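Next up is a structure, given as structure tokens.
Going in written order, the chains are labelled A, B and C, and every chain counts its residues from 1.
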Amino acid sequence: MRHMLKPLDFSVEETAELLSLAGRIEKNRAAYAKVMEGKKLATLFYEPSTRTRLSFEAAMLNLGGSVLGFQSADASSASKGESVADTVRVVSCYADIIAMRHPKEGAPMVASEFSRVPIINAGDGGHQHPTQTLTDLMTIQSLKGRLDHMTVGLCGDLKFGRTVHSLISSLIRYPGIRFVLISPPELRIPGYIREDVLEKNRIPFTEVDSLEASMPDLDILYMTRVQKERFFNEEDYIRLKDSYILTEEKLKNAKEDMFILHPLPRVNEIAVEVDKDPRAAYFKQVQYGVYVRMALIMKLLEVKETC
Amino acid sequence: MRHMLKPLDFSVEETAELLSLAGRIEKNRAAYAKVMEGKKLATLFYEPSTRTRLSFEAAMLNLGGSVLGFQSADASSASKGESVADTVRVVSCYADIIAMRHPKEGAPMVASEFSRVPIINAGDGGHQHPTQTLTDLMTIQSLKGRLDHMTVGLCGDLKFGRTVHSLISSLIRYPGIRFVLISPPELRIPGYIREDVLEKNRIPFTEVDSLEASMPDLDILYMTRVQKERFFNEEDYIRLKDSYILTEEKLKNAKEDMFILHPLPRVNEIAVEVDKDPRAAYFKQVQYGVYVRMALIMKLLEVKETC
Amino acid sequence: MRHMLKPLDFSVEETAELLSLAGRIEKNRAAYAKVMEGKKLATLFYEPSTRTRLSFEAAMLNLGGSVLGFQSADASSASKGESVADTVRVVSCYADIIAMRHPKEGAPMVASEFSRVPIINAGDGGHQHPTQTLTDLMTIQSLKGRLDHMTVGLCGDLKFGRTVHSLISSLIRYPGIRFVLISPPELRIPGYIREDVLEKNRIPFTEVDSLEASMPDLDILYMTRVQKERFFNEEDYIRLKDSYILTEEKLKNAKEDMFILHPLPRVNEIAVEVDKDPRAAYFKQVQYGVYVRMALIMKLLEVKETC
């Protein structure tokens, strides 16, 4: 039995297969509308995350399956002192596959050791969020036609931004990737990413302060939210949150075929005027997220395609 | 693409068609049991409203569709600072139609500007609640066989009662409607309804204090709840809430074929003894609410009837 | 119309039929995968109970039906002052069967008087939880092949433990049942169980302090959680909660074919090392709970088997 706990759980080959299946789903949704009939997805969300939860639920419903679960820990047995291990053993009796969101790092890993059904990590604290990474990869692949030979700009909170770390770790598996890391000095990528991931693998990268200056080089611009909850004091948050706001003005020197991604929700780091720009891809990204989750559910439950 | 944002969004003709479809659904539910197969309704409830939410969900499930969503703002991305516009653009990727409840007036209107799928306003603050009005109209039409030439008594909180304002605005489109407005002086209808809706359209109406005195004239008695949250102080609430309680005694002089409606939930404004009276129609009204929402979902998604 | 309000609502014969149907479901799930197509279960949970709610939802989904409802009172109209009677009359218009959890004893009974559809009591305060009892009975029946002629050990909080009281009341209907009641003196079974149920029906039982000493006699060991919320002070809770922890060591003298049940969630009253013991049946019990709820839904909605 396979689980999806970390972005690198799937090899480059397996990821290619998954994205290829997701692409076939996109082109012919009707062909997959009943492949999960009679199957159930449990969404165990120990902290709320509407976007992610609804994406999983839409994915399962699109496949003809059904959904049960909880949306926050208050509504769960966790408040009665039950362990994740016990909860997952119980829910294994209710569902065929589980998507788990948990504030504690490693909770989905523990769950996978006790579950009788596949576990998908839907985010564990600041740790991993593999289906976001798969969504990002599918978006890049779909819009650029490839995952290699690109200059990828990552902008905003690169210190705490989980999605950024995962995307870096995933993209370095493809040849010809170069990163431009755009952030205030306080929010630069942590040492273990810089040294153990980038330098160790001899991946070219630059760390810069200015969003505008690096713009002309980029094939992909990945924006991130500066999350209030990551800061220790209000002052730092207020000073930094607006530093890296993307506007049409700043996009002037960007390539015509550059694409702007964002894991959402955005607060104000992308001005709404940018939404109309043909390079804005963050809402398309949401749609790709559904397709890639459909593909993942099929793959983990080993559903053969009949079409 | 059509939305349903305000009670008057549908013309008299369109409303007639909708009620007619709802009537056909009532008579032959089985014929409509799969018309929404593979379609998804998102219920985005930024404030809880179990009754309304479950009515929408029952409607979509009765049509063979499925449902996803959230039940309160805590469980939504709103708490992360996301705008309604962004949320609705995201949810457009997950669902085929959206029912939105929001404490802020106009939120569903904003949503409709950014959504790729039809938006149904499921109540926005003290503003609009068009499916309640459609429910009221269907109940009157079904029980009385017509929407015209009637004396309609509206009783209780006419000042803040959103459903009452919408019902008045809708009913004046039919000939021969007369209103009896029954409330304490403090809770009379606001000026913009009295002047801009009733007087301007030369609709006959009387404003009275006594529920009993006006009873014999009424074809419909529409009771409303005196909502605690509308009052500025506890004393006023306590003094007024019990003023207009409907009892069997007060119904003595009512017509045999008068019907009692109430948008529910009731607290104590209708004594439970009245429930057994054949004129009590407020629970039937709930059932009509499901049929009319089924019809509305079909109409907004332009589902052709095959039966 | 039948409801399921108390563990003894079904006679010994009806219970046998129900367990037999649940057994057939277990053996051939596919045969029952669509028997509830087009039907809806409403889960009205006025207090959260994830395990029970998800078990009901899984049961209904396994039968091809669908689910709507609420997970806690905050999300319900109860907060607007609506009575259970009114809520259930409304929800009767939305669903074909209702599972209700309520903190107040007797609420599901009241609901059944006003509902147009069958009500299943999914737990009312410290009072009744009949589907837990049915789950326990099915587990014993399935694992031991019988419900009679057994020595059943009940361990832990026998004073407040609702499931224990219901299980005793149900099992005394079968011949040859003997109980060993294992608890600290403060948490012994209440007088009305000792006198009105056990002594009155001349059921053999012993009350003991030691879990280990009674172990060799038992055919079934039913462990229970010591719930913090049942205690008046923290000290008593801390002193007592660990008194009756089941370990592999304590199981040394147990019969080979004894089975350990637990209504879950467990906190620490069964050491995790015991989970691997072939006698540990508490997770199997969860699975049986789904089958028995499937059978119950079918029976209350009078679905004929076609297989």
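By our rule, a contact is a pair of C-beta atoms (placed from the backbone, for glycine too) under 8 Å apart; a residue touches a chain by one contact, two chains touch by 3 or more.
Computed from a predicted structure; not experimentally measured.
Visitor: Over half of the interface residue numbers used by both chain B and chain C, so same, or under half, so different?
Guide: Under half of the interface numbering overlaps between copies: different.
Visitor: How big is the rotation relating chain A to chain C when the fit is done on Cα atoms? Please round to the nearest 5 degrees.
Guide: That rotation is 120 degrees, given to the nearest 5.
Visitor: Just the number, please: Cα centre separation of chain B and chain C in whole Å.
Guide: Going by mean C-alpha positions, chain B sits 40 Å from chain C.
Visitor: If you look at chain C, which of its residues touch at least two other chains?
Guide: Counting only residues that touch two or more other chains, chain C contributes 66, 71.
Visitor: Which of the residues in chain B end up touching chain C in this complex?
Guide: The touching residues are 33, 48-51, 54-55, 57-58, 61-62, 64, 66-67, 71-72, 225, 227, 264-267, 272, 283, 286-287, 289-290.
Visitor: Show which residues of chain A lie in contact with chain C when the two form their complex.
Guide: 38, 40, 42, 66, 68-71, 74-77, 79-82, 85-87, 89-91, 93-95
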